[in-house]
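Lettered A, B, C and D in written order, each chain numbered from 1.
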């Protein structure tokens, strides 16, 4: 780390290091290696040097900020509005004594969005635990069932109400998208949940769920990173958590300050990306395309 | 259309009408169709996994002497430890495998497709001299402001807040456009269903009279 | 140990798949392809858990004669029926067993499952209309942007749009290529960064809630 | 409740009823819709139209029966046009639920035009993992597909004799209802510089304009409307005909038009109600 130039203002140090690193790579690898040769026998794909640089940089900043947070340095993160929306919806359901419905999307647990949804689910379970209202979790992929069961059980336990956990409320419905949607609609219509929380990876069924939920008069909060479904959630739900906010909400809810470090890390990455974008656009405008080409991935 | 097909298609037409009855309100016909679709599709997926995963991906390789397929077999069997309260924890290595490999595959792909490729595509020549250049500038400004909206380390106040607001406007225009583009595809699905019903009833009438 | 080993496995496979991205070696790629197939096998095993969950819950409803219990019998019966004609008939060598065209399974697929699914899907045409009617009100500036853009694009997508104003197709295309594209890119970039950082926390065991309590 | 408030809070079931009635009525009594052809659809058409007898066009069909309504018309129209021009056709399918469907199309159209399997067209069949399959085809079609769909070795098919990889086809048209298109763009075009056009569902259309802009694809047929535009051009040139019931997307256009108008009217009604009732307060 000594070889990196250090600025006097420590805030900018990581940023400068990255820029320095990028310049170094650009100097070391001037061919931008758009090589087309047969790589089936080699152990490293030189066309992907740029990816490696970004990956190392991104992992670096995230781990750096998480370690900073671990040391107890306070990191400012603005209040995420989605959190209030979830709390408000659950609050209304408890006031009315009506159930809460949590829909974790239709993709398997190896999808990161589903993992984020599971983190949120544990915290929703904790909120609900004290009020003796059921928390329904309909599930589309069998692999998500054990994870959801564990999260709900743990949430109830950490709220001091392990007895309130009802195993029958975490329900596998169907792997088939529209059969699943039909099953969830059934719960919405007949159990009349007051709060519908839709978090995870959704596809065409998004609007079916959100419209049926509206029909039953529930407060609906939805969150997904699937861009094609966001318009429907925005139109039909009371509050929509957009894209990265889903992951931010899960990081915030996990209540461990060190995990918030990752948010800082991805913020820094965004700042770097904006810088690169601006630089790239200016260079391209002046006819210098080498910088842009370096970002080309084969 | 023969009699058998007329009857089978009649079943299909009846089920279609059962589902549409939901639009008026929840009713026994819809409930019937709903439970039927859940049951049938659960059975359908069991088939698909049995014939397309279990047999060709596990049993056939094992029978062909590819012993290393015993590993996923064991990982899979460990999942069944969930049936026992005492040995539930045995399913965790399998969870670790599925989640870990999922995350590992996703990381480089997300970075490649959704970050670097997008950054590369957004580095457009800008200027004020021609309409395409101005449009490019607009694209970059919009991407910038929308990214600002997703920035969590700073309060949305002042100039920063203004940028984030412009960002949210951009997102809203995008959502509106996405909504408008989708209508056609959804209506196409409905049209297909209506044509199915129309043709069926035409056939039925000509068969009866 | 009950937590460390799963986390170690998670880390190991995760890192290997990241490395795989950078290794073009044919032999290595084929090994990883095999491992990817394992995930499908494991999921097939997990499906038994799903079916068990489905049966347990519906059986409880029937046993306790809770609301709508007769429908749950239909659900379970149709499930058993499909499995019987799909697997049991095939194993026993009964005619019309197995899957594919010309089997009982195939008939049920084409005359029950396919129409049911595609009709569910087609309900969206109605939902999209009612959502548009309810939500596209010029209440706030943001809501207006949403509504007006949707309206313009909808008009631009049908042939009538062009006869109203010749510029409609170009205008729609501009909306798609500039603000829509820019917004989408920003969401993509942000969401991908969020996903990657969550994935990284999962791989390194910093985020281990998915494993559940002790 | 005042008239305007009632207008604003109209029960959703009225919306459903009107939509349903309009769709059914238009399905029974159809009418002609004026057609405007977008340049991105026309460029695909013009390209296929410019094929010289003997040249090979490749079609990659990657969709399942669920999206047939939007995509099948494109596959049919292009296949017919191609055979009418006496060009040769190479097909493959990279979606697991698609192979049988593609076989149906090609068998039917080949019969219409008296085309012979193996001489005028070759259907390679299905292979999983589109990315890997496309990359391999870029090297040699025989790597992923040593045999065609019917089990004949490629080397014994006359049409394949002088064909190695994408260099031997004039262009590739990918008709897709899913993520397969990305792979065709990234690998077939990006890696092997194959000339590529795509036909996708309406929902996906928006995602692919950037590639058109960057020149990675030379044409784009977008959803039901794109299919109808293509059919319109093909009908005008006489490749397909209304009498033989070969126009499907076009048949759905009246339904699209009336439904869109109804939805727009509802939005307007809602807003008028909203404004007027606000004004009264």
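Here is the rule we go by: a contact is a pair of C-beta atoms (placed from the backbone, for glycine too) under 8 Å apart; a residue touches a chain by one contact, two chains touch by 3 or more.
This one's a predicted model, so the numbers in the text were calculated from it and none came from an experiment.
Trainee: Centre-to-centre on C-alpha atoms, which chain is most distant from chain A?
Mentor: D
Trainee: If you tally contacts for every chain pair, which pair is highest?
Mentor: Top-ranked chain pair by contacting C-beta pairs: B-C.
Trainee: Taking each chain's centre as the average of its Cα atoms, which is closest to the average over all protein Cα atoms shown?
Mentor: The chain sitting closest to the overall C-alpha centre is B.
Trainee: If you average the Cα atoms of chain A and of chain B to get two centres, how far apart are those centres in Å?
Mentor: So the centroids are 17 Å from each other.
Trainee: So, what's the distance in Å between the C-alpha centres of chain C and chain B?
Mentor: Centres of chain B and chain C (C-alpha means) sit 3 Å apart.
Trainee: Can you work out the whole-Å distance between the CA centroids of chain B and chain D?
Mentor: Taking the mean C-alpha position of each chain, the two centres sit 20 Å apart.
Trainee: Out of chain B, which residues touch more than one other chain, so two or more?
Mentor: 20, 22-23, 31, 33-34, 37-38, 40-42, 44-45, 79, 82, 95, 98-99, 101-103, 105-108, 111, 113, 115, 119, 121-122, 140, 143, 147, 150, 171-172, 175-179, 181-184, 187, 189-190, 192
Trainee: Two or more other chains touching the same residue: where does that happen in chain D?
Mentor: Counting only residues that touch two or more other chains, chain D contributes 12, 16, 19-20, 23, 202-203, 206, 210, 225, 256, 259-260, 263.
Trainee: Provide the list of chain A residues touching at least two other chains, using ranges where the numbers run on.
Mentor: In chain A, the residues touching two or more other chains are 51, 55, 58, 108-110, 112, 115, 143, 146-147, 173, 175-176, 178-179, 182, 190, 227-228, 230-232, 234-235, 242-244, 248, 263, 270, 273.
Trainee: Which residues of chain D touch chain C in the complex?
Mentor: That would be residues 10, 12, 15-16, 19-20, 23, 33-36, 38, 65-66, 100, 129, 132, 202, 206-207, 209-210, 213, 225, 253, 256-257, 259-264, 266-267, 269-271, 274-275 of chain D.
Trainee: For the complex, give me every residue of chain D touching chain B.
Mentor: Residues in contact with chain B: 13, 16, 19-20, 23-24, 27-28, 68-70, 182, 201-203, 205-206, 210, 214, 223-225, 252, 255-256, 259-260, 263.
Trainee: For chain B, which residues are in contact with chain A within the complex?
Mentor: Touching chain A from chain B are residues 22, 26, 31, 33-34, 37-38, 40-42, 44-45, 79, 82, 91, 95, 98-99, 101-103, 105-108, 111-112, 115-117, 119-120, 122-127, 133, 136, 140, 143-144, 147, 150-156, 171-172, 175-176, 178-179, 182.
Trainee: Using the touch definition up top, name the residues of chain A that touch chain C in the complex.
Mentor: 39-45, 48, 51-52, 55, 58-59, 62-63, 66, 108-110, 112-113, 115-116, 118-119, 122, 139, 141-143, 145-147, 149-151, 153-154, 157, 168, 170-173, 175-179, 181-182, 190, 204, 207-208, 210-211, 214, 225, 227, 230-232, 234-236, 242-244, 246-248, 250-251, 254, 258-259, 262-263, 265-266, 269-270, 273
Trainee: Would you tell me which residues of chain C are touching chain D in their complex?
Mentor: 33, 101, 114, 117-118, 121, 125-126, 128-130, 132-134, 136-139, 147, 151, 154-155, 157-160, 162-163, 169, 173, 176-177, 180-181, 184
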